[in-house]
Amino acid sequence: MQQPPIPMARKIRMALIGGGGQAFIGPVHLAAATLDQRVQLVAGALSSDPERGRQAAAAFGIAPQRAYDSYRELIAGESELPAEQRVDFVTIATPNDSHFEIARAAVQAGFHVVCEKPMTTDLGQAEQLAAMVKERGVVFAVAHPYAAYPLVRQIRQMVAGGDVGEVQAVRIHYIQGGLRRVQPEAAQQRAAWKLDPYRMGPSGTVADIGTHAFHLARYAAAFEPVEIACQLATFHPVRPLEDYGHILMRGAQGNLALLTLSQVTHGRLNDLTLEIDGSEASLVWRQEDPNVLTVRRHGQPVQFYECNRRADYLEPQVQAVCRLPGGHPEGFLEAFANLYAAFLNDLGDRLTGHAAASPGTGYPSVIDGLEGVRFVEACISSGRSGGWWTPF
Amino acid sequence: MQQPPIPMARKIRMALIGGGGQAFIGPVHLAAATLDQRVQLVAGALSSDPERGRQAAAAFGIAPQRAYDSYRELIAGESELPAEQRVDFVTIATPNDSHFEIARAAVQAGFHVVCEKPMTTDLGQAEQLAAMVKERGVVFAVAHPYAAYPLVRQIRQMVAGGDVGEVQAVRIHYIQGGLRRVQPEAAQQRAAWKLDPYRMGPSGTVADIGTHAFHLARYAAAFEPVEIACQLATFHPVRPLEDYGHILMRGAQGNLALLTLSQVTHGRLNDLTLEIDGSEASLVWRQEDPNVLTVRRHGQPVQFYECNRRADYLEPQVQAVCRLPGGHPEGFLEAFANLYAAFLNDLGDRLTGHAAASPGTGYPSVIDGLEGVRFVEACISSGRSGGWWTPF
Amino acid sequence: MQQPPIPMARKIRMALIGGGGQAFIGPVHLAAATLDQRVQLVAGALSSDPERGRQAAAAFGIAPQRAYDSYRELIAGESELPAEQRVDFVTIATPNDSHFEIARAAVQAGFHVVCEKPMTTDLGQAEQLAAMVKERGVVFAVAHPYAAYPLVRQIRQMVAGGDVGEVQAVRIHYIQGGLRRVQPEAAQQRAAWKLDPYRMGPSGTVADIGTHAFHLARYAAAFEPVEIACQLATFHPVRPLEDYGHILMRGAQGNLALLTLSQVTHGRLNDLTLEIDGSEASLVWRQEDPNVLTVRRHGQPVQFYECNRRADYLEPQVQAVCRLPGGHPEGFLEAFANLYAAFLNDLGDRLTGHAAASPGTGYPSVIDGLEGVRFVEACISSGRSGGWWTPF
Amino acid sequence: MQQPPIPMARKIRMALIGGGGQAFIGPVHLAAATLDQRVQLVAGALSSDPERGRQAAAAFGIAPQRAYDSYRELIAGESELPAEQRVDFVTIATPNDSHFEIARAAVQAGFHVVCEKPMTTDLGQAEQLAAMVKERGVVFAVAHPYAAYPLVRQIRQMVAGGDVGEVQAVRIHYIQGGLRRVQPEAAQQRAAWKLDPYRMGPSGTVADIGTHAFHLARYAAAFEPVEIACQLATFHPVRPLEDYGHILMRGAQGNLALLTLSQVTHGRLNDLTLEIDGSEASLVWRQEDPNVLTVRRHGQPVQFYECNRRADYLEPQVQAVCRLPGGHPEGFLEAFANLYAAFLNDLGDRLTGHAAASPGTGYPSVIDGLEGVRFVEACISSGRSGGWWTPF
C-alpha cells in the first residue's frame, strides 16, 4: 500500500461538512481520506438537520463536542481550538448550492479544503473563490476522483511524453441510468435534490457528470477547448433540468473532443469511457473496468496495460499508486484515496514547513474547479441557443 | 441453414460488375449471394482493365464468352441472350463514381440490381435512379449488410413492437483505423481510390461508413431526422476528404441521434456500435461481437440475447436467420447473405409470378439508397458551414 | 477471399451422405465446401428415409437421377458414371454408427472422403479404415473444424516455432448446455439419436465433443499423451451415456493436459476454450470469440492478436486464411471452409496429377481420426475403472 | 457504506503480527480492518527483524511502547495492560510455518484472532488449534477473503435457497503467473519464502491458492468431498514444491468438483473463476471482474447480476454489503473488509455481552481452516501416490 512521502509525526485532522444523510458520498470521503492511515476524522457538521447530524457524527466516531449543528458553528468552534487540536482541513460534501458559501468561509478562516464538484453554481463565485484561495495560500482540491485512477495517470503521462503523438480527437461517453429510478412522487428520495434547480443550480447532468468528463479531457488528454457547442435534452418526465447532452469542443490546433452524457439510459450504471486518438496510438479506458488500458498502434497486436505495481511498462509513479498486486481488483475507493493522497502530500508539506515538491499537482485544483464551472456555463449558454458554437 | 420460402426450380443467375481487383468486396458479394445455394454466377465485367477482368472471371468460374470487358458490353450481351440463359440480376461493386451510370443502364435494360453504397455520388442522380426503379418495377437493393445481422433485426422488431418504449436517443459509433495504413506514396494500393475525390465523390468517411451508420439508425431504431448538424475533420496528412466526423440529428419528437465516425483511430478495425435509449429499455449491439444483444431494463439484471435459432425469446423471423446453433459464431458473411436472401425472396417472387408477401422489406431499397445520398449531402453542407443545423 | 493454389479447370464434384434431416450439419458441410466456389454438389443420399432424402436433394439442387436412396446405391451409381461426371469425393454426415461402413465402401470404390467424427465407434474399425485409406491412396479428412480457425493455426505455428517455449500444460474446457434441452418424451427430436447408444456408440460426450478437444490438444499444442485418466458422469436424468467428464493426460516429458467436458451446463452454447502454458508465453483462445488470441509474456502488456489478413505479426499462412479485413467477423463456417480448402488442395493436386506440396497437412487425416477413436476407448476404459490411469 | 449492526461505544483494538515487510498483506489487513471505521491498530510485532518491525510500526502509527519485538512480547505485554487498553484481537500475517505457534499463544491468552491461510502446516496442529478455540470461546477467522465478495455471497444464497437446483458440478480455475517472476538468485525477494519448504510447509501452490479454491467450493457451492484425487507438477526450474495441479473431488451424491491451480502461467494475475452447474441454472463468477455474476437458465437470455446496493434482485444481505452505488467498482479490499466486518460483528457481540445473532457465520471459522489443512494433506498424499483417489 502507498506510503506518504513525508511521514507526519501525527495524523492529519479532518472535518466533514455534509455527507451524513443516506447518500454514499460522505462515508466515501471518509474512507478515501483514511485509507492510508494518515487522517483522523475529528469534527463534523453532517446534516442540515442538527439532530440527524449528531446521530451521524456518533456513528462516524466524532466526539459529541465536535459534532456541530452547522458549518458556521464548525468553523467558529474549530478556529477557537488550540492549533494542536484544530482540524487541518474540511471536506465539503453538501448539495451544490452551498459549496460556495461553505468553501469561502473555510478558506477565509485558513482551513484547507476538499470540495465536491461542481465547485460553485455560478462563475462569479468560482472566480472569487479562486482568488481567495490564492490569496490565503490554502491547499484546495476539487473532487474529481476519476482522474486519480492509476491508469488515467498513465494516460496523462503517455500523452505528455509524446507516446501517443499529437492528440487529434477525444471521445468521452458518460452514460448512466440512475435518474430512471427517480419517480415524481419521490421528492424525499436520496437523489431528489438532484431534481431541484434551487439545490442543483442551473444545470443538471452537465454539472453532475459533465464536469467529471470535462476534467478528464483536460487532465488525461491535455485537451483545452477554444469553442464549445452543446445540445441538451430532458427525457425524464418530471425533471426540470437537462438529463442528456452532446457536447462538441474544438481545440486550438483543430483537434476535436466529444462528450456524450446521459443519466436516463436504462440500467447503465456509471459507464464513463475515454477514447483518445493520437497520431501514433489510440487509447481506450473504461471506468467500470478501470484496471485495464487498451493501447493500439498501427500494425501491432492490441495491448492491454494492466494496473500492476510490478509492471515495468507502466510509469513509475503509476506503479506506485497500484496498491495491490495485479489481479486484486482496485476500484473507485482507491482512486478517491489517490486524490486524497496527493492532496495530503501537499498539505503535509505545508504543515511540516517543507516546500512542496510540486504543489497543486496530482489533484484537481481550485483552477480546475473554476474551469469546470466555466464549462457548465458555456454548455448551458450554447444549449439554450439551440446548440451554436460558443467561444471558451 | 435458411431455406428459400418459394423454391425456384432453377438457380437464379447473377452477373458481377467490378469486384475483380484486390479488394475483398467482389468475392464477398459472390460468397454472400451463393451461400444458400440459390444463385449461380454466370457473367461478369470484373475490372476496368479488361485483361485483369478476364483473369478474375476465370478464377470465379465464369465462362469466357460471358466475361465482358465493360458493363456496357455485359448489359448489351446479356440482353441479347434468350431469357432462359440471361442473367437475372447484376451486382455493382465498382468505385462510387460509376454506381449511377451502371445502375441506370442495368435498370433501363430491365435487370434487377444489388448496388454498393453510396448509391450515387450526387442527389439528383439518386432521385433519377429511384424514379427509374419505380417505373421499371425492378427489384433493387443497396448493400448495407450490417442491418441484416440477425440481432439488428431483433432490435428493429423490439423497437417496432414497443418493447423499448419511445426511442429517445440513438448513439452510433463507427470507429476504424484503416486509413492510418494508407501512405502518400501508395497510390496503387487497394484502398487508394478512397483517397481520390474523383472516384469517391465529394465525401470521404461520411459516404464510406457514415451511410451505413445512418441506415442503421433508420432501420434499427426507426429514427428519421428533421435536422442535421455535422462537424468534419481531416486528420490524415494526405487525405483530401474528411476522415473523421460527429453528426448530430434531431427527430420530430425531440428525440436525438449521434453518429461518431472515424477512419483514423489506430488499430480499430470495424467497430460499429449501436446504442438505443428507450423509455422502457436500453439496447447495445456491437458489430464486432454481433451475436450478442445487451438489453437493460430498470431494476432487472442485464440480459444478453444470443443469436440462436433455438432461443424462443427471439422473434421468430430472427430465429429463422440464425443459420447455426448458438455458439457457432456467425459473422459478416452470413449477414450479407441475409441481405441477399431477402432480395432473392423478392426476386424469386417476381420471377415465378407470385405477388411478394411483403415486397421491398428485409433489404435496403432504392429509397433507402436515396436517403443515404441525401444524408451525405446534408452532412457535407453542414460541415462546410462550420457545423450549423441543416433541415433534412 | 482465399484462392485455390492450383486452379482446377472445373469444379470438384461432391456427394453428400446423410445431412438431409433437421440437423444443421448437412447444410454446413455444403456451405463450407462451396464457399470458395471450387465445389459443386452433384449427388446425395441424404436420409435413411428415401422420400425425405429425395425432397432434401431437390432443395439442395441435386438432379433427381442422382438423389440416391442409400449410400450403397450412391456408390454403385456414381461408380458406373463416366469419370467426367462421377463425383470426386463424398462427405459422410450420418449418425456415428454408420460412419465406418459408409467410409469403407467409399474408400474401396476409390472415392475421396470427408467423414464426420468420431470416425468410427470401434477401434478395430478405425485401424481397418486407416489401413484401407493408405492402401487405396485416397484423400481422407475427418471433420474437426475447430482446428481450422485461423488463430488456431497461428497457435500451432507459434508452438512449432518455439515462440511459447516448452509446452508445460494444456487446458481445454468444452462446455455446452444443449442436452438440458432434450426431454425424455422427445425421442423424435433432432439430437435424440445422441441419446441412443446404438447410434452413438459406447460414448456420449467424450465421442461427441471430447474428440474435438483431444484433436485440438494434439494439433494446436502438439500434445501427445502417454497416459490418460478419465472421470465420467451422467447428470441428465434419462441419458444412458456420459454427459460430463474430466480427462487428465500426461505427456512423455511430464507435461500435462486437462480436458473438461460438459453438455449439461445450462445456457452454455459451444464454449470451447484452449489455454496453453509455455515456458516462454501463455496463450488463450476461445471458439466463441475466435478472432482473438491472447498472448501473455512475463513483464509485458497482454497482447491480443486479431484475425486480420493485413496483420503482419501473424504467420503468412494464417493471414492468408483470414478471408475478410479485420473487424468483419468470421466464424464457424469460414473455419469449416478452411478445412475443406486444405482437403481440396490435396484433392486438386491428386486430380490434376501434381505431387501435393505437403499432403495430408492442414486438415485432420485418417490417422487423426484413428487417434480420436483410440482416445474415446481409453477414456471409456479409464472411466469405467473409476478413473485410474490408462497407458495410451 | 456498511454500518455495524451493534454500534460499539469505542473502536475495537487490533494488533498486527507480521506484515511489516515488503509484502502487501500487512497493509491490506490493516486497510480492510479499518475501512468501516470500527477498528484502531494499537499494537504490533511486525517483523522477525526487530529494527524493521519498529520502523514499520511507526509508519503504521503504532505508539513506540506497543511496537513489540516478537509475538511473544506482544502477547505478554498486552496481557498485562488494563482491559480498557488491551488489544481485542490479533491478526496473524506471518509466513505459514509460524501460524500455529502464534495462534496457539494468542488463543491461550484469550485474544480473538484473524489468521492467514493455511491455518497451519500440519493437520495435528490444526486439530489442536480448533479444540483450543472451542474451549477458550474466542472468535477466530481464517483469511479467505474471496468468499467475502458480495456476489459470492449471492451465489451461496442462491445455492442454499434451491435457486440453482441440485449442484451437480463445480469447476474452479485459479490461474496465476507470479512464480514466473521468481529467479533462482533472488532468494531475498518478497515472495522468496514461498519457495522455501521450511517456511511454506509441505505444499506450495495447493497451500497457497488451493486452500482459497477449496474454501470457495465449500462456501459458495456447498460442495463437501468424500474422495480426492490430485495430480501435481513443478514446472518452475528451481521450485522445490508443486506449482501446478489438478484436483478432482467427488461428493456424496455423485456430484463432482474440479480445481485447476497454476502459479506459472505467464502473465495471468489472480484469475480465480468459479463455475457451478446446477440442475436448474448455471453460474459463472470471476474474481478479476467481481461485480458481475453470470446466471444462465435453459431457454432464457443470459443474465448478468451486478453488484449494486439498489438491485432488488439481489439477496438483501448482499445488497447491504455493496458499499457503493453500482458502477463504482469495488474490489479486493472491500471483500476483505466484508470478512472483517462479519468477524467484528461477532466480536462486538462478544465484547458488549450480546448473544451473537448467528455466531461464526459470514467469515471462515477455525473449522474451515482445519478443513483447508485436511485438504492440503489429502492433495499431497494423493499427488505423491501418482494421483490415486484418497478418501476425505
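Per-chain residue numbering starts at 1, and chain names A, B, C and D are given in the order in which the chains are listed.
Convention: a residue touches a chain if its C-beta (ideal position, glycine included) is under 8 Å from a C-beta of that chain, and two chains touch if they have at least 3 such contacts.
This is a predicted model, so every value here is computed, not measured.
Chemist: Measuring between Cα centroids, what's the chain most distant from chain A?
Modeler: With centres defined by C-alpha atoms, farthest from chain A sits C.
Chemist: Per the definition at the top, count C-beta pairs in contact and tell me whether A-B or B-D has more.
Modeler: A-B
Chemist: Where the CA atoms of chain A average out and where those of chain D average out, how many Å apart are those spots?
Modeler: Measuring from centre to centre gives 34 Å for this pair.
Chemist: Go ahead and note the Å separation of the Cα centroids belonging to chain A and chain B.
Modeler: 44
Chemist: Report, in whole Å, the distance between the mean C-alpha point of chain B and the mean C-alpha point of chain D.
Modeler: Centre-to-centre distance between chain B and chain D: 55 Å.
Chemist: Got the chain D residues that touch at least 2 other chains?
Modeler: 181, 268, 299-300, 302, 306, in rising order.
Chemist: Where on chain A is chain D touching in the complex?
Modeler: Contact set of chain A toward chain D: 1, 3, 7, 11, 24, 27-28, 30-31, 34-37, 41, 58-61, 176, 178, 181, 268-271, 287-290, 306, 308, 310, 323-334.
Chemist: Where on chain C is chain D touching in the complex?
Modeler: 168-169, 171, 173, 175, 177, 180-181, 229, 231, 233, 235, 244, 246, 248, 254, 256, 258, 260, 262, 264-268, 275, 277-282, 296-300, 302, 386-389
Chemist: Give the list of chain C residues in touch with chain A in this complex.
Modeler: 295, 299-306, 311-313
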